[in-house]
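Both of the next two complexes hold chain A, though its partner changes from chain B to chain C.
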Partner chain A sequence: MPHALLTRGLARRMAPDFAVRDLSLTVPTGAVYGLLGPNGAGKTTTLRLILDLLRPDAGEVEILGVNARRYPAEARRRIGYVPERLGIPGWMTVARALRHHAVFFPSWSRPYAEELLLRMELPADRRVRHLSKGQAGKLALLLALAHRPSLLILDEPTDGLDPVARRDFTELLLEYVADTGATALISSHLVHELERVADWIGVIDRGSLVVETPLEAFRRSIKRLRVGTGTPLPGADGLPFDVLARVQRPREELWSVRGWEPAMGAVLAERGVEVRGVVDLDLEDCYVELLRGRGDPEEGR
Partner chain B sequence: MIREFLWVEWERRRGMLLLVTALYAAVPLMYLALLGGVTRPGAGGAQLVFQVDPLQLTGLTLVLGVVLSAFAWGAGSWGDERRGGWVYALALPIQRTHLFALRYLAGLAWLALPLLALTALSFVAAAVASVPTGMYAYPGSFSSWAALVSWFLYTLAFVLSARFEHPWRIVAIAAAVLLVAATVPGFGVFPGLSRLVELVAWGGVTPLRVFWGLELPFGS
Partner chain C sequence: MLLSVEPSSPIPIYAQIVSQVRAAVASGDVRAGDALPSVRQLATELRVNPNTVAQAYRELEREGITYVQRGQGTFIAEMDAGRKTAEREAAGEALIARMVDEAFRLGLTAAEVLEMVERRVALGALADGAK
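Our next item is the complex of A and B:
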């Protein structure tokens, strides 16, 4: 199966001024797919639509070959879901939460759950409401992993965790993915964190998918050009790449561009534009430039 | 799976359930005590309907307690699982309709415990009390009335709490539903509920009318 998760034309109006629109995600099997986007971009809504926690107005969702809109329970059985906030009722102890989850997942592995419990050093008899943030995050991951899912969906899983807890969480996740070949879809606005783990990237903004590409290709495609201003500079029209942003400096401009290839320097030279340097960007810079290039969200309303 | 739902309900709300059971059980006992007022020299049934004494007020309060606790039992079905607009249980691999049905049935099954206590003690009270001339005890009717009212309010609160997060909305909408039900002309399909609405909204009847048959919800 080439794709672990496929959405086509997913849409849901959430408020008069916010909707997820025509969202078509393709998450390749075995990938760690980072869903990036600013706060309020629609990441959590998208994940909830995929999981059928919210009913979409339109669109299809296929999870591991199962039509998730028609058979949501069957699809969820194959997914390990880590929500933004741990949803287990606070009165349950950690051990009770494990027993409760085991009832719903036929593939629940008790020995594996116990192994994870020990490794995560979670207190089995402590009530969920008394867990620290880091412990709650670990419990959420334990509950997501113990039935050995083929697809993990994690919604801002490390938001608010301290660096040590975040590192532990990520290590466990990557270990599971490496051992089982599972696919992971991780939503986050913490770009540096995704950069360490993801091999595919999707950027969502104002409810629409802006980019979906392998991480390296994304990083390669966005560059910053130092452009000489000795001659009148052309507009962005007709250029073989997208100019996301232009910043004036004394005697030069900085162009953030998408779709840049080294051979394109010649095209600019023909137009009398001197490219003085090409600067590689890290993922965060690429992401910021991409979103800047889309303009102020308020402008479009 | 229903066993897990029943067990979770018990573990989660057993304190409240025992309190509700005690409250339900106290109602027939209180009526038994009220009967002492009827048998007092000079006191008659007709007088009692309009008379308000501390015992009657206590009885009224107990019935209100029953009404409110049945409602609260339903309203508490989802409350502690809500996390920012979603309910954790929806993420479990179970059909949404099954989840709702199982959760509803589990809560309803436990509500049978207080109703059983009320029924048993109603019959005990009717058996041991010496009923004044002209009055009749209808423990069966009373228990049926309590069951109907409890089921209706539990269901109403269950549905509302599944839809709305804020308690005040649940209460406000439920109150609106009950008031509309009470004022719709020709309403009489659920006379037990009609009594309840009167009781809650206007205090127009005393509990004695229901329990001791001065006016019966279901006839004899």
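Our next item is the complex of A and C:
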């Protein structure tokens, strides 16, 4: 099965001015797929649609080859889900939360849950409401892993965690992925964090998928050009790449471009534009330039 | 050998791992028969995608820098002196090329760059002798 997760034409209106529109995600098996987007872009809504926690107005979801709209329970059992906020009542102890969760998952492994509990140094008899943020994050991961899912869906999993807890969380996640070859779909607005672990990215903006590509290809295609100016520069029409943004500098302009290939320097030279330098961007720069090119106000990250 | 990656570098993470292992071989930091950490170990340590580490390891094997012993792991391959010298020279060339490009961009002349390099090399030799 080449794809762990497919959505086709997924749509859901959430408010008069906000909807997820015609969303088609393709998450290859074994990928660590980073779902990026500004706050309010529709990341959480998308994940909830995939998990059947929200009914779509239209569209299909296929999880590990199973039609998730027709067989939601079967699909759900093979997913490990780390929600944005731990959905366990605060009065439950950690041990009780585990038992409570295990019931829903036939493949739940008690020995593995015990092992994770020890590794995570979680106090079994503590009430969930008395856990630290870091502990709550680890408990959420434990509850997502103990039934050994083939697909992990994580919604802003490390948001609000301190650096130590964040590191522990990432290590446990990567170990699981390395051991099982599981696919992971991680939504985040923490771009730097995804840059390390993701090999695929999708960018959502205002309810639509803007880009979906291997991370390296994304970074290869978005560049900043230093362009010499003596005379006013021609417009960007008819160029073989998209100009996302132009910034004036003394004696030069900076162009953020998408779809760049080195051979295109010659095309520009023909039009009397001198490329003085091509600057590589990191993932965050690429992401910000891409969204700016869509005419967005700059969003917080 | 201590590997580290810079995720925001324009060089892909897998290529950073490959070039660091090559450099460690060229400098004698690791020797034939030394084991590399497992994919799982290195991925966790560097906090990068296991697929990325696996990609780097495949590349190293393809280039003959390492070999895989079934069920045992990945090891540094035997390399003859000529190859080792070639590896060292290639790494050095790449380093110098980057430096010279930058220096010319600053507007330095060839003579100025050469003089600076000579001075620096002499200083380095002095510091080495003092150890």
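Just so it is clear, the second predicted complex is superposed on the first by the 296 of 301 C-alpha atoms of A that agree within 3 Å, B and C clash if a C-alpha of one lies under 4 Å from a C-alpha of the other, contacts with A are read in each partner's own complex, and residues count from 1 in each chain.
By our rule, contacts are C-beta pairs under 8 Å (C-beta built on N, C-alpha and C of every residue); 3 or more make two chains touch, one makes a residue touch a chain.
Bear in mind the structure is a predicted one, so any value in this text is a computation, not a measurement.
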What is the contact status of A:E289 with respect to chain B (first) and chain C (second): first, second, both, or neither?
neither
Which of the two partners, first being chain B and second being chain C, lies in contact with A:R76: first, second, both, or neither?
first
After superposition on the shared chain, which partner residues are touched by A:D205: those of chain B (first), chain C (second), both, or neither?
neither
Scan A:W91 for contacts with chain B and chain C and give back first, second, both or neither.
first
Report for A:D168: first if it touches chain B alone, second if chain C alone, otherwise both or neither.
neither
Touched partner set for A:V197, first chain B, second chain C, both or neither
second
Per the definitions at the top, what is the overlap between the chain A residues touching chain B and those touching chain C?
none
Contact set on chain B toward chain A in their complex:
1, 4, 8, 11-12, 80-81, 83-84, 86-88, 90-96, 98
Enumerate the contact residues on chain A facing chain B in the complex.
48, 51-54, 72-74, 76-77, 81, 83-92, 96, 100-101, 103-105
Can you name the residues of chain A that touch chain C in the complex?
30-32, 167, 170-171, 174-175, 177-179, 192, 195-199, 216, 219, 280-284
For the complex, give me every residue of chain C touching chain A.
5, 7-10, 12-13, 39-40, 43-44, 46-52
